[in-house]
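In the two complexes that follow, subunit A is the common piece, with subunit B as its partner first and subunit C second.
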Partner chain A sequence: MVNHPIPSEVARANRKPKATHAAIGGTLISPFTLVLGALITVAMYFMAQRFMYGLGAVTNINNGYPWGIWVVWDVVIATGFACGGYAMALITYILNKGEYHHLVRPALTASLFGYSLGGLSVLIDLGRYWNFWHILSPGYAQPGSVMFEVAACISCYILVLWIEFSPAFLEHLGLKNVKAKLNKMMFVFIGLGVLLPTMHQSSLGSLLVVFGYQIHPLWQTPLLPLLFLLTAVCMGFAIVILEATLAAIGFKRDIADELPLLSKIGKIIMGILIAYLAIRLGDLVLRGHLGKIFSSGIKSLMFLIEMAAFIYPVVVLSTPANRKRLSKLLGAAMSMLTGAVLYRIDAFLVAYDTGPGWHYFPSVPEMMVTIGVIAIEVLAYIVFVRKFPVLPGHSTSTAAE
Partner chain B sequence: MTITRRHFLRKAVSGTAAAAACATLTPAPAEARENKTIPDQAVGLLYDATLCIGCKACMSGCKEVNNLPLEDTIGEKLWDTPLELSGYTYTVIKIYQHGTMEHKDKAENGFAHIKRSCLHCGDPSCVSACPVSAMTKDEKTGIVGYNKDACIGCRYCVAACPFGVPQFQYDTPTPQIAKCQLCRHIQAEGKIPACADRCPTGATIFGPHQALSAEIDRRKAMKPGEPNLYPRRTVNSGDTHEKAAAEYVDQVYGAKEVGGTQVRYLSGVPFDKLGLPVGLPERSYAADSETLQHTLYGGLILPGVALAGLVAAAWRGSKDHHDDDEDIFDPKGGHTHG
Partner chain C sequence: MYDDTEISREIETRFNLERRDFLKFCAAMAATMGLPKGAEAEIVEAMTSKERPSVIWLHFQECTGCTESMLRAEHPTIEKLILEIISLDYHETLFAAAGHQIEAAREAAMKKNWGKYVLVIEGAIPVKDGGIYCKIGGKTALQLTKEVAEGAAAVIAIGSCASWGGMPSTPPNPTGSTGVPEILVGKPVITIPGCPPNPYNFLSTVVHFLTFGTLPAVDDKGRPKFAYSRLIHENCERRAHFDAGRFALDFGDEGHRKGYCLYKLGCKGPETYANCPAILFNDVGSGSWPVGTGHPCIGCTEKGIGFAKPIHALAELQNQRPPVGYPRIEEQQGAGASIGAIATVAAVGGLAIGAGAKLVGNLGKSEDGQDSGKQG
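Moving on, here comes the complex of A and B:
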């Protein structure tokens, strides 16, 4: 049977040559995916231990440090990493820069997995996980709690992410009508998809306000929500640069077409980081804690490392020539991500001091569970981009293998 | 680029969205949430370290009445030997020692006891932090209670408490938060908290908050060294013993800390030496946190405005590059893989 091209489709395809999305295909079994599978198996073993014998059997958390990396990495940092979809939706649909359009879907896919798994991994950490639904139940929910706001917002956002992504599934399921209707309504979910991360990414910082004196003054400030939000948006943009690079290397794709956009994203990162640094340091000056930058021992050291990781990308990205080079962009993005990760670890763990005698450093089994969750995310992303049209479709011939 | 009406509208809408987004994040000076106050009918404890002899009858009574297992930290399995509050210990007597330890209740070459347990804050951080109302403050008695059937085990209360009181059980698949609830289950039977009931010297007494305030004033007015009467169990029990008054430090711990607590301490040794956090503000951390939350999310007004702006901007956006949007989320949108 010969498929004659439909004239309207030909016209549409000819109207402007633009990048669209394509599944890149290829095998799912590779040394890399096998390693991921092994890491996931190890994590499963320790998770079983945790559910049989309690959190203490696997983690090093204690009553002085009740939150360990299962909270700080798996939720606070992982959802920051998953802000790519948020950042790209903000710039593409809200600030209406259509040129970024084809970077949205890969970013959204990473967000989908980052948030879904972040949400699920909360269940591993909750001591009484069988009651988790209480947080969304009007009979129990306590709206004054920052934790409630975070949990409710993240839950809603996971739902919104799946709705934003669902047209890809609906097509497969043959629900064309539903898909068409959904696409007409999509702007509502895009709006929600920007509002919800704005709310909960800032609230992840607000979580620490009630800790009061237990958080060192270099981190404790009423501006925590703003500082967490700015770094989360930046993490979103930085992760888009990282993803584009990794996808180019991992799937042997040509990145030249995306580079001009990535360099613009680099400029945005620089702008936000300058604002962040000005607010953070200005706040320290106004609260009279600037001297603590040098007088707080290990906390000062961590603060300075954090600052260096934030300042390096500003310096690199301030030169237009650097912004055009992928290596420089990538270096800046990695530094930015390091700074944002350190900021979260510092604020939640290093700056947290609940009295003498308490120590926390994650145990190996505890880290293996976190690594396993990351492995699940990476594996899911690989499966998705190979099977579904996620990445921009100007692929080289190697990808079609 | 000429500014057409359409362009103008578009910019205006995205401007609104941006402004709204900023507005949700700027802590505007909205009405601050004040400290919650201790109820008139509140009950509490007074622990006078100068009366404590370190016999730990309070600890033993607490374990018995609250059905808590003994803890062995020295490997003998003979005694209950908790060193700190824990998932199985609601109250613990600790000791301060210095130099020759000759003088009771003196910082120099002295020693002193301190009883740790929940302070039952007037405006508790744990109650503000709890997302599922498992931690509650009784409107009448002011007792900070815990309901394990509501609790999700997130440990935000453990992390938030400025006194390090709520304790989580890390060694069981069905953990709970452990904290003193002023024996509210036996108060219902007309009894008083076990620690006050068992204390042989009246170092821990139970009573209405206001009566305890008067008792604190009475003791602070005593002349050090002169004999005075001290009640046992409750302020007005009538069961008293005579003892020379001690020299107290000025601070009454819990009188002002984070807005005042219903368990208060008197001591002859400064409280920082007894391992309690000093220099806490009079404004509660719960008030700080909830003021921030109410400013940002009160009545969902700011999020609502922001959402309207964002949806409008997204709608303009979808109109602007409509032909693209047709296949933004369309898996068949990729024409290059043919």
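Moving on, here comes the complex of A and C:
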């Protein structure tokens, strides 16, 4: 049996003695957090309306468009954003690249909130939300349904994420014994933490496969699950770059130590994106729908914007010099994220045509709820990194005060 | 075999009717009352051979709708039968006579048939201020009721007004309108509520009395059980729509035009006992009753519902429940983007792209600064 190095030990060997995870402390009240609070308050108001007067009072969804942005953004896109934990666990534990270990926990934190709030959004979006628990009760399962697969996987993954993240709590609460016991079992949850997102991120694409001709041929393909999975992994890596940069700027931390790792992640993103573009365009050629890129009106326009957002990072990241510059990495990551967001919005809403007469565009209250959910996510991340040992502990003097 | 040669001859001379039509009428009466097989023969015998009972018909606070309804009963020449089977000795609408003449006729009929005549009362009786709000021949309705009821073999209150007060007793009930059973306490009164009541419910009651010498079985409100023991809801032709959750929500909406259930428009069918959907009105075939024509039942046979509960108010469901979830009647297909929504998308999108570009730009500048610093 080959004796693989243990990721955490490799990480420890690679780091300076003091560099472990640490809470960065500091005040929670700032103009930025106050704005977040205001946005959350507005969202709460509309959410209360939704629970008092029903979905129709707040959203524009209808029986032709039962999925609005609360599903497409808060679940499909938000869980994509939350793939940072998945992507880092994949590379650190499955591909056994120990040097990325200290990026896992911050990524996991974002995943935790992304998925938990995605699950919460489903609850808000469900007409009969009080039946939510049925998804965890085998008696109600309809195993032939793609939606069941997605819902069950996401529900389980949320639980797994909390367990994966719990060492940070246990450290904070001083429960060393529990933490030690949990660590022995952790490989099971890490395994699940990679398996479950692989399953449901691809199933988000399968959801659209079963829509058949109702999805425009530029997006509809039997390869949708693969394309969704590739973009999800890519989003995970891109979000790690974005997060690291924003944390460095927002909390005034030095990022020089992490930069080489981020460059490598940039290279991975480039590789996945090339594969993605080749598969996507090759599939269009093989199915004979390439001409539709220019002949489908607004859908063509959206497709081209989407493609541009995917191609830009490939071009930028193909130069090794660019991969060493944080600004280029960040620009590429944000462009990649834009492309992935548009891909999901386009596939679920723009490309979807369920017949004459049906319309959907999100209402303002509906969007305010989504914005509020994002605000909750950002605020919770800020609170967590300030209060719990999440970020790699090489904080600058400002934060240490 | 029942021999009716004699009877047939008498029918033809007395009622000027084909024997066959007459038997059909008797069979219909028996069926309406749910009487056992063979009862129609008894009815035939009773109606042809028995002495015609004297009937005194009093009108008080009412619109004469009940009488109008009676006259429009379309079983073969019903008006002839009602005039020939019984001896109608007093009826303000139908009598040619007037004034002292008719009052004298009433008194004479009462004297002659004391203890045997049938009293029918149409209309409510005002009791406030000594009952002065309704007078006939100088006597109040209250006085007349008590006077005539004293010698009556049976008292029938026809219509909702006579049964409990009906429309004249609608709150605040300024004249103190009261139903016959409350005036004639201690005397059994059959009530045939309805506005108007179905004429066959009245006729069947009279024929029952004529045939068996007794009044039909009644419920706690004095209503014949053969007509008033089932909720309208139970036999309603729109019931399937109720069970499927398909409701008209507005007069003239798509559901209304498609004949969906009227419960949500305030139909009182689920709390009103009457046989309207079973025997219908006017003998013109299906749909000839209020709910059939698209109007919610107003509950005219129920005290406290008809003329008391607002027409739009929902009925109290007695023994049926509608399903928990309803399919939509008018499908909303969604509207396009509002200006506010587009503005919000533009603002959020612009902010995100702008902030991203600014961030990348600033980062690039600081990197350039570091690079030149290193070189220098």
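One rule holds in what follows: the second predicted complex is superposed on the first by the 378 of 401 C-alpha atoms of A that agree within 3 Å, B and C clash if a C-alpha of one lies under 4 Å from a C-alpha of the other, contacts with A are read in each partner's own complex, and residues count from 1 in each chain.
Basically, a residue touches a chain if its C-beta (ideal position, glycine included) is under 8 Å from a C-beta of that chain, and two chains touch if they have at least 3 such contacts.
Here the structure is a predicted model, which is why all the values come from computation and not from measurement.
Look at subunit A after the overlay: subunit B and subunit C clash there.
In the superposition on chain A, A:I154 makes contact with neither subunit B nor subunit C. Residue contacts after overlaying the shared chain place A:T245 against subunit C, while subunit B stays out of touching range. When the shared chain is aligned, subunit B and subunit C each come close enough to touch A:I61. By the touch criterion stated above, A:A43 is placed in contact with neither subunit B nor subunit C.
Of the two partner chains placed around the shared chain by superposition, subunit C is the only one that A:L326 touches, whereas subunit B remains out of contact.
Of the two partner chains, subunit C is the only one touched by A:Y360; subunit B is not. In the superposed three-chain model, the partner touching more residues of subunit A is B, compared with the other of subunit B and subunit C. Using the contact criterion defined above for the overlaid structures, shared-chain residue A:A351 touches neither subunit B nor subunit C, since it reaches no partner.
Contact with neither subunit B nor subunit C is seen for A:L342 once the two complexes are overlaid on the shared chain. After superposition on chain A, the subunit B segment that clashes with subunit C is 74-82; the remaining candidates among 2-10, 20-28, 74-82 or 128-136 show no clashing C-alpha atoms.
Looking at subunit A, you'll find residues 56, 61-64 touch subunit B in one structure and subunit C in the other. Against subunit C, the residues of subunit A that register as touching in their complex are 56, 60-65, 245, 249, 325-328, 330-331, 334, 338, 357-364, 367-368, 371. By the touch criterion stated above, subunit C contacts subunit A in their complex at residues 328, 331-338, 340-342, 344-345, 348, 353, 356, 359-361, 363-364, 367. The residues of subunit B lying in touch with subunit A in their complex are 10, 14, 17-18, 21, 24-27, 84-87, 125, 128-134, 148-156, 158-160, 162, 164, 167-176, 258, 275, 277, 279-281, 285-286, 288-290, 292-293, 296-297, 303, 306-307, 310-318, 320-321, 323-337.
Subunit A contributes residues 12-13, 15, 18, 20-23, 25, 51-57, 59, 61-64, 66-67, 92-96, 98, 101, 104-105, 125-129, 131-132, 134-135, 140-149, 151, 164-168, 171-172, 179, 183, 186-188, 190-192, 194-195, 198-199, 202, 206-207, 209-214, 222-223, 225-226, 229, 352, 354-356, 388-389, 393-395, 400 to its touches with subunit B in the complex.
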